[in-house]
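Listed after this line are the structures, all set down as structure tokens.
Each of the two complexes below includes subunit A, the first together with subunit B, the second together with subunit C.
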Partner chain A sequence: MALTEQEILAGLGKIINEITGIPATEVTPEKNFVDDLDIDSLSMVEIAVAAQDEFGVEIPDDQLKHLKTVKDVINFIQN
Partner chain B sequence: MRILRGAPGARVLAFGAYQPAGVVTNDDLAKTIDTTDEWIQSRVGIKERRVAGPEESEVDLAVQAGGKALAGSGLSASDVDLVIVATCTPEAPIPNVAGRVAHRLGITAPGAFDVNAACAGFCYALSAAADAIRCGSATHVLVIGTEKLSQWIDWTDRATCVIFADGAGAAIVGPSDTPGIGPVAWGSAGDKHDAIVIKDRASFLHQEGQTVFRWATTELHPVAKEACDRAGVDPAELAAFVPHQANLRIIESIARKLGADNAVIAKDIVLAGNTSAASIPLALSRMIERGEVQSGGLALLLGFGAGLTYAGQVIEIP
Partner chain C sequence: MSRDRVRVVVTGLGVTTPLGGDVASSWSALLAGQSGVRPLTEDWVDTLPVKFAAKVAVEPGEVLPRPEARRLDRAEQFALIAAREAWRDAGTPKVAPDRLGVVVGSGIGGITTILAAYDTYKEKGWQRLSPFTVPMLMPNGSAGWISIELGATAGVHATVSACATGAESVGYAMEMIRTGRADVVVAGGTEAAIHPLNIASFAAMRAMSTRNDDPSHASRPWDAGRDGFVLGEGAGIIVLESEEHALARGARIYAEAAGVGYSSDAHHIAQPEPTGAGIRSAARKVLEDAGLTGRDILHVNAHATSTPAGDVVEAVAIQEIIGDHPFVTATKSSTGHLLGGAGGIESVFTIKALYDRVVPPTINIDDLDEGVEVDIVRGEPRKLPEGQIAAINNSFGFGGHNVAVAFTSA
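This part shows the complex of A and B:
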């Protein structure tokens, strides 16, 4: 069964908190990783790897650079 | 035809290291490129690095480090019968670096060859040295990692010029009745050959940072564990973990996943930058000099880099 947006958001919030220390409540769909959350490119790789373990969806590096916002990642995982 | 029987084991008798005098700080780089000390430290963990001037080649760096290792071993040049140099930045394709270094150090007519396994090169060369001694092909081997990466760097490219640096590290390896160098765990990932490249003589070093970071933080801790397994050593028994000094975040990630809970983790990158094949012997030499590790303790070495290549082994600290 496909995960809902809320379920993926909750999972991403937890992952981002563990990797960057940013409170999970700050991780909302409209947030831009670089501009709003100040997450660098290497942390994005760590988040992608952790998201793969959590959701079973691989996010390759050539796709990762196009995922600018939390919502982009949610959409990628859902699709 | 017969085969030779060498020593039962091999061990490192002494390390030596050399860095060029020129210090380049993050603030120095920030004067010419769009970067900051905070940006560099948070991404790669480097505060400063050493860069050789035009008067100093990777051969000169190797001679300095090799001479120190030889002096530290108490051996004389005539005792060395094999010289192996790990480098990916020779200034010329021929002659090789090893023969020139041997000549400069007064080592007469040794076997002499270079190894190119990039940042994994020292561990490959150390394995070849230990095997040569155990097979009877050599008795004392001078193993050197030397790099002058500064000559292959675009100093306007902030993705690479903040990372790479120059230096050399060396080890004298000799025969031993007990194992002092464990079996190597090595391999390569040629499918990722374009992740770190110097395309041709007119090109600078290019690195796909995210690809390398993902590979290093997900694929290498099993190699580290495999090297421990092959030596029959539990990671908790390690006194030191000396991975290639690529990026502080990679070092900390592998160390965390390895579970080397009692080991001193080499973080020489902070003051040395990434010196490719030189980084492991450079880091361990300095840890020994500072008294951070004791003679007889076990250290896991883990090299990884362009190729992509990787190699690791457990050694007893001299």
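This part shows the complex of A and C:
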């Protein structure tokens, strides 16, 4: 699993666009899902499940709530 | 017709139907006597006795952005499309949130979501269910989504009364305005039930037409050769408003929503009561509520679904309570039966008939059933006279629901 941050970011951008309609270009590492991208908790569940499929990384529910920003998700997937 | 209470008027109309994706296209196709019934091409029809239905003319996926569409049940998609058209048509009224209500129901709710989600659950497990499964399957989901979009906080309601749902929603909305709970209410019905399980279940009741060799002629209310209803889908939504509120903002007024009559059969869970007592009762009540007499009613959009049992009983009841003078039509001959959506689109068609002074025809009557003595508009549309006129939309549902809504010309 040697995906770069850029590769993960591109994959997340695509997933978030598919689920929420937010342009992938707006999905940048510093963005907070709730405050910046206006993504609700139900959509976060969809995004997490799609990210698990895309990157082959399990994101447990108790971890999901700690993933506040795009960067948090990238770090979680990289680790 | 002067009464001592709040008058309710109609200021916006919206639909998506098997005839068109909006009011203008649906209405012109209806006047042209077209049929929205088509053969089904899905593989699953092979195992069913009914191989046709009336799908919407414009797929909601062509209208709604994909991220929005994927979190909505198909019935909710129809409802939002129709509600947006109705709201625009009403001139996007400025109204305080706590004076704006929504009453939109569905006969069955998100049945295609339920069945697809159960497949997902069995095959892939609970983690793979969309977190929107519950809001997609609940029958009040459409009303909820519309309220969020419009910011309506006066109350959100979803009446559920099978095929009377749309008309009951309109009646409930009228009462919200009359009783002072709201100034503006978005109301109607929606249904998306073209699924093999539904077709199989209605077929198990022997309620559906099996005219598989000639689908566009299968929905034929009052014809002696009718053999059941044709399943349709779509939504019809209207914007109701207190007359005072509408006049103050200079809104175009299509019609007055003058009265509603409810009754229940308490007879059989799915069969019409054979004497039509409940239908007559609803007709008497709507006239009384609207302050009208049978002579005032020049047009009836009948419930008539093309089933052997119900059509003639209704025609006889219309003749007895209203008279043999109204121009009676059954638009289900063109649209199929939208179940919970029927009262919504048929309210729209009744209002359009008053506003444009023309009654759309009932198609597919080759041999009028004996016992039908009301004046049915067949083949060609018929003009309504100028002056103050009134019309009634009838909607009845399994469970014994009878609803009649009266509209008068503006």
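The criterion applied here is as follows: the second predicted complex is superposed on the first by the 78 of 79 C-alpha atoms of A that agree within 3 Å, B and C clash if a C-alpha of one lies under 4 Å from a C-alpha of the other, contacts with A are read in each partner's own complex, and residues count from 1 in each chain.
The criterion applied here is as follows: a residue touches a chain if its C-beta (ideal position, glycine included) is under 8 Å from a C-beta of that chain, and two chains touch if they have at least 3 such contacts.
Only a predicted model underlies this, so the values are computations on that prediction, with no experimental measurement involved.
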First, second, both or neither for A:45, with subunit B first and subunit C second: both
Which superposed partner A:21 touches (first subunit B, second subunit C, both, neither): second
Subunit B versus subunit C as contact partner of A:64, first or second or both or neither: first
Which of subunit B and subunit C A:36 touches, first, second, both or neither: neither
Partner chain in contact with A:72 - subunit B first, subunit C second, else both or neither: neither
Touching both subunit C and subunit B, counted on subunit A across the two superposed complexes: 42, 45-46, 49
Contacting residues of subunit A [partner subunit C, same complex]: 17-21, 42-43, 45-46, 49
Residues of subunit A defined as touching subunit B within the complex: 40-42, 44-46, 48-49, 61, 64-65
Residues of subunit C touching subunit A in the complex: 65-68, 70-71, 127-128, 130-132
Contact set on subunit B toward subunit A in their complex: 42-43, 208-211, 213-214, 217-218, 247, 249
